[in-house]
Amino acid sequence: MSDLEARLLEKIVGIRAIDCHSHVPAEAPHAKTLADLLGYHYYTELVHSAGMPADAMHSHISEADLIGKMVPRLETIDNTVQYSWLMEAARELFGFRPDRLTAGNWAELAQMVVEAARQEDRYRAVLAKANLEKVFLTNRFDEDLSGVDRAVFVPCLRTDDLVFELADPDVRRRLAEKTGSEIGSTEAVREAVRGLMRYFTQHGAGSAAISLPPDFTPGRPDEAAAGKALARALRGKDLSEHDSRHLAVFVFDAVTDACRQFHKPFQLMIGVLRNVYPAGVEGGHDLVSKSGGLVQYADLFRRYPEVDFTVSVLSLAWVHDLATFAWIFPNVKPSGHWWYLNVPVHIEYELRARLMAVPKVKLIGYYSDMYKVEFALPKFNMYRRVLARVLARDFVETGLMSEQQAVETATLLLRDNPKRIFGV
Amino acid sequence: MSDLEARLLEKIVGIRAIDCHSHVPAEAPHAKTLADLLGYHYYTELVHSAGMPADAMHSHISEADLIGKMVPRLETIDNTVQYSWLMEAARELFGFRPDRLTAGNWAELAQMVVEAARQEDRYRAVLAKANLEKVFLTNRFDEDLSGVDRAVFVPCLRTDDLVFELADPDVRRRLAEKTGSEIGSTEAVREAVRGLMRYFTQHGAGSAAISLPPDFTPGRPDEAAAGKALARALRGKDLSEHDSRHLAVFVFDAVTDACRQFHKPFQLMIGVLRNVYPAGVEGGHDLVSKSGGLVQYADLFRRYPEVDFTVSVLSLAWVHDLATFAWIFPNVKPSGHWWYLNVPVHIEYELRARLMAVPKVKLIGYYSDMYKVEFALPKFNMYRRVLARVLARDFVETGLMSEQQAVETATLLLRDNPKRIFGV
Amino acid sequence: MSDLEARLLEKIVGIRAIDCHSHVPAEAPHAKTLADLLGYHYYTELVHSAGMPADAMHSHISEADLIGKMVPRLETIDNTVQYSWLMEAARELFGFRPDRLTAGNWAELAQMVVEAARQEDRYRAVLAKANLEKVFLTNRFDEDLSGVDRAVFVPCLRTDDLVFELADPDVRRRLAEKTGSEIGSTEAVREAVRGLMRYFTQHGAGSAAISLPPDFTPGRPDEAAAGKALARALRGKDLSEHDSRHLAVFVFDAVTDACRQFHKPFQLMIGVLRNVYPAGVEGGHDLVSKSGGLVQYADLFRRYPEVDFTVSVLSLAWVHDLATFAWIFPNVKPSGHWWYLNVPVHIEYELRARLMAVPKVKLIGYYSDMYKVEFALPKFNMYRRVLARVLARDFVETGLMSEQQAVETATLLLRDNPKRIFGV
């Protein structure tokens, strides 16, 4: 690392960041046991990929059993960046010294986790150590938000089940219960979605969010066709693929329109293929597809100029699409580096492409996507290192930016842009 | 920058280059006002992307108004490589000292531009400073080429409207007027296209050129079907998509065949999606699509072995296709780095891929695609820096080339290959 | 090159490697003449791509004629990495000193090749110099394996013609002759394939292998439809595309099932478009397509969890698909860098992506794909240099691995993983 890169990194680590997407549960944000850390799907899916049977990691087995089985296998994945997150968290948050976790030393870390978990407001200390100011949650639409610690957490309305599973009676029941109105028509759906958005914004929500399959194509909804599909569902009938698509496009539009009315961004996470590997471990069933492209969303971006779409894609094949659409459409804001692209080699390429040709005020640098707050520190630090390197090599060393300008740009990406775009 | 890289860059800057693709207007090649520079679509589209209303930049507003509105917004895009082109041109061509353009200093630069514009043969001085020997134009098919300054400019027959808009009566009228013959049959079209090519070559043209959508698939034309489509158009009827495709494939073939007869290359610029964002600023409506692939052109490359196709693609997803087709087909020559790929991170990847596996005599390094000659210097310098870095790191440092061989290779890319391939 | 990188490279060069895919002919593994080296399709196709007529390199011309015509053209491709293989082989294996091959010096190298070829067990010495322990062959299904020198060579059952050309009477005849049973039904095909696999494993085979077009989609075979297609073929009828597909999917399944029964991996080499350029030189007709994706194979990976699929892809557009499928599916093992991706810039990207997010025990680093053993040394050395650089920069310098761990990881990729996975 050059001196310049080291100086930039030190400054960048000092920027108090906003994490606009996570799956932290508000009621249990920090790890209580080592199993809470090792149970993260990256570790279970990678050791399974390396040969450990999936059923050895089923959720019904005891924590000691899980750890005892996984730890000897960790050696097979100790090259991965995901493994490095675990060890950096262990070292920085718990004071664990060894650089590898082994059958001989895991008990010590397990004890450290249990003890640390007893500290008052442990999650706040963990986030402070990661230098995060706010962390977005991803809440079920009928979640009670009254207990959320809004000093550090920002609710976010997850809309996957609304958009793709409204034909499910249970989803409709939950929606009716939450909003107090029957879901008997498309207009009722629009009203219910507005009701949800009202509730969420009243509780400080920063946005709505959804993950989307690679072939989804939003468009101007055919409200009559969606209404018929809904009516079929209300009569307990199965929906054809055609019906399901009409209904999904309609609900997606209703959510987008609610974002417009409540002046909230819509986080689009595009490209996940669900359940490609059903025999895998929990959280390790989904994959990526290179098919499709962002042009599927052009009509949406045109119809809703008032809505900020913060967009992540899942396939490397889509990365150039995103950088170019963000270059042209004012309401397309590239956001972070999602899941299968959340690896330094891909982050580096994508970050260079964005920083070189998209207005700096539009870039949301990073989010953690974590399930426990302990992963904020190593994930954000991974990103910070890539950011420091890219700013040093491609911008400061080439004379495009001064050091001061580079730090200001980093501040936009990590803090000022998400604060402004999400209104936090 | 290493000493080696610096030495190579110095030598590379000294190579007098050929710019085989630009949109410079022969009658007004250099900027007369600062608005001629700031009005470049990169600046208007990027500040619009960063939030400035598109109608604030409509062509009917005054130049002072345009500048006054844009300058305060430039800060939002000062991270981009496009912004760096502006500042490098300001510094190197006008002697403007500040490293950012602001509300407080733009009047000074505006004055400098106006004064410099009054110099005799200003555009020649600007091109000499950029160390370019020749710049290709992109001429409308019915343009009068008699006044072109052929000491520095090379005409090029743009064929987009011929291929894709021959059903438009105005296009046929212009074609009939230019060639003196009625466009009443496919044979008449072939004859007219040959007439254009004759006229252009008599006026020193280097090639024909066309930009193509990602789904275009040339093939052996169905001349009967094309004739029927043309007949429909002559009767004033609208063409079906099917008819339009037959007509386009036919005219494309007529142009290719004329290239063959007149021994001229055909510049194919593949992958632009037109008018994806119609509400954008002028020149900022078009985007890219990752769909399709170069295999669509395999039949064309096979049928015209005598024609050199100098090919650019617009999507990163197509970059490997191009490098491999150029590796195998003698008549496929990769050309420059077009538009949404004209960003250092992409240039670097594409250049490394081409230099490592395509014969060096086939590579056309770069073209400016500029609308005013002032952008030749910063754009070519951007490329020269990437070229110096790639030659230093991947070729000289690894022992694959001596320094002298690296400079010779750069000379091929920047000068000797375009001279030989285009016959200038 | 940094000191660290140099130290790592020295250690990596010292790892005795396994080459799991080549086209070396067991009966003539080393070059007898310079034409055996220059006739490698990379050189003939590249000089043809650079302008030399293909018929100047037809196999019926004399070797002296071939060399005499090719050598003066080599200058046009001396930038390519393929050219560097030739010169590194000439230098390291024959003691040839010049760094370019010219009309003035090729006779000297030609003489050196002829003399070296006379050494006893020359191919063993060449492989020892390349520091390879074993080299896989790619054998026709009816090849006699009794004479293979199993001290260095490992047979591998090539299944392309079985899967895609079983409708050809000659293929069925060869299969019947080899297995001693008539190919009259799908069950007979399964039995014959098992017979082949039995014979191959008895002769030390490491795996089956196949190259696949980008649109191939394996699936659960419709055995009745495949049977009808086979019956049509037996009656001498041409097969429809539909029939051919059913038959191919069926035979592919039979091969996969035989791999399962004999506990052998199946090498899938996905993405080649055959005969895109039929007028090219021998071996230079095929190309790549960015279409399709690895999701086409998800069903296969699910149905055969016991079979290791060692997978290579041919298009850069598929690289992320492969890294992610290998991250999730236990039986998907990324293997080497194939053909149009076997270029340092692509190897580097792909290697970084794999090493950062796929368990290290699953990665097969490299194979040569060579036709003569002389190319093992320069090809493996090219890979070793990229590997040393990636381990140095992305892993040791960043603190993710110690130097010792980096060397251990390299040992897995080059030696221990292929030994374990292929059981050699």
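Going by the order they are written in, the chains are A, B and C; count residues from 1 in each one.
As a working rule, a contact is a pair of C-beta atoms (placed from the backbone, for glycine too) under 8 Å apart; a residue touches a chain by one contact, two chains touch by 3 or more.
These numbers were taken from a predicted model, which means no experiment stands behind them.
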Partner chains that subunit A and subunit B have in common: C
Equivalent interface positions on subunit A and subunit C, same or different at half: different
Mean-CA-position distance for subunit C and subunit A (Å): 39
Subunit B, residues touching no fewer than two other chains: 317
Residues of subunit B that touch subunit A when the two form their complex: 1, 45-51, 76-82, 84, 273, 276-280, 284-285, 287-291, 315-317, 340-341, 343-346, 385
Touch list for subunit A against partner subunit B, complex: 293, 295, 298, 301-302, 305, 317-321, 324-330, 349, 352-353, 355-362, 394-395, 397-398, 400-401, 405, 409
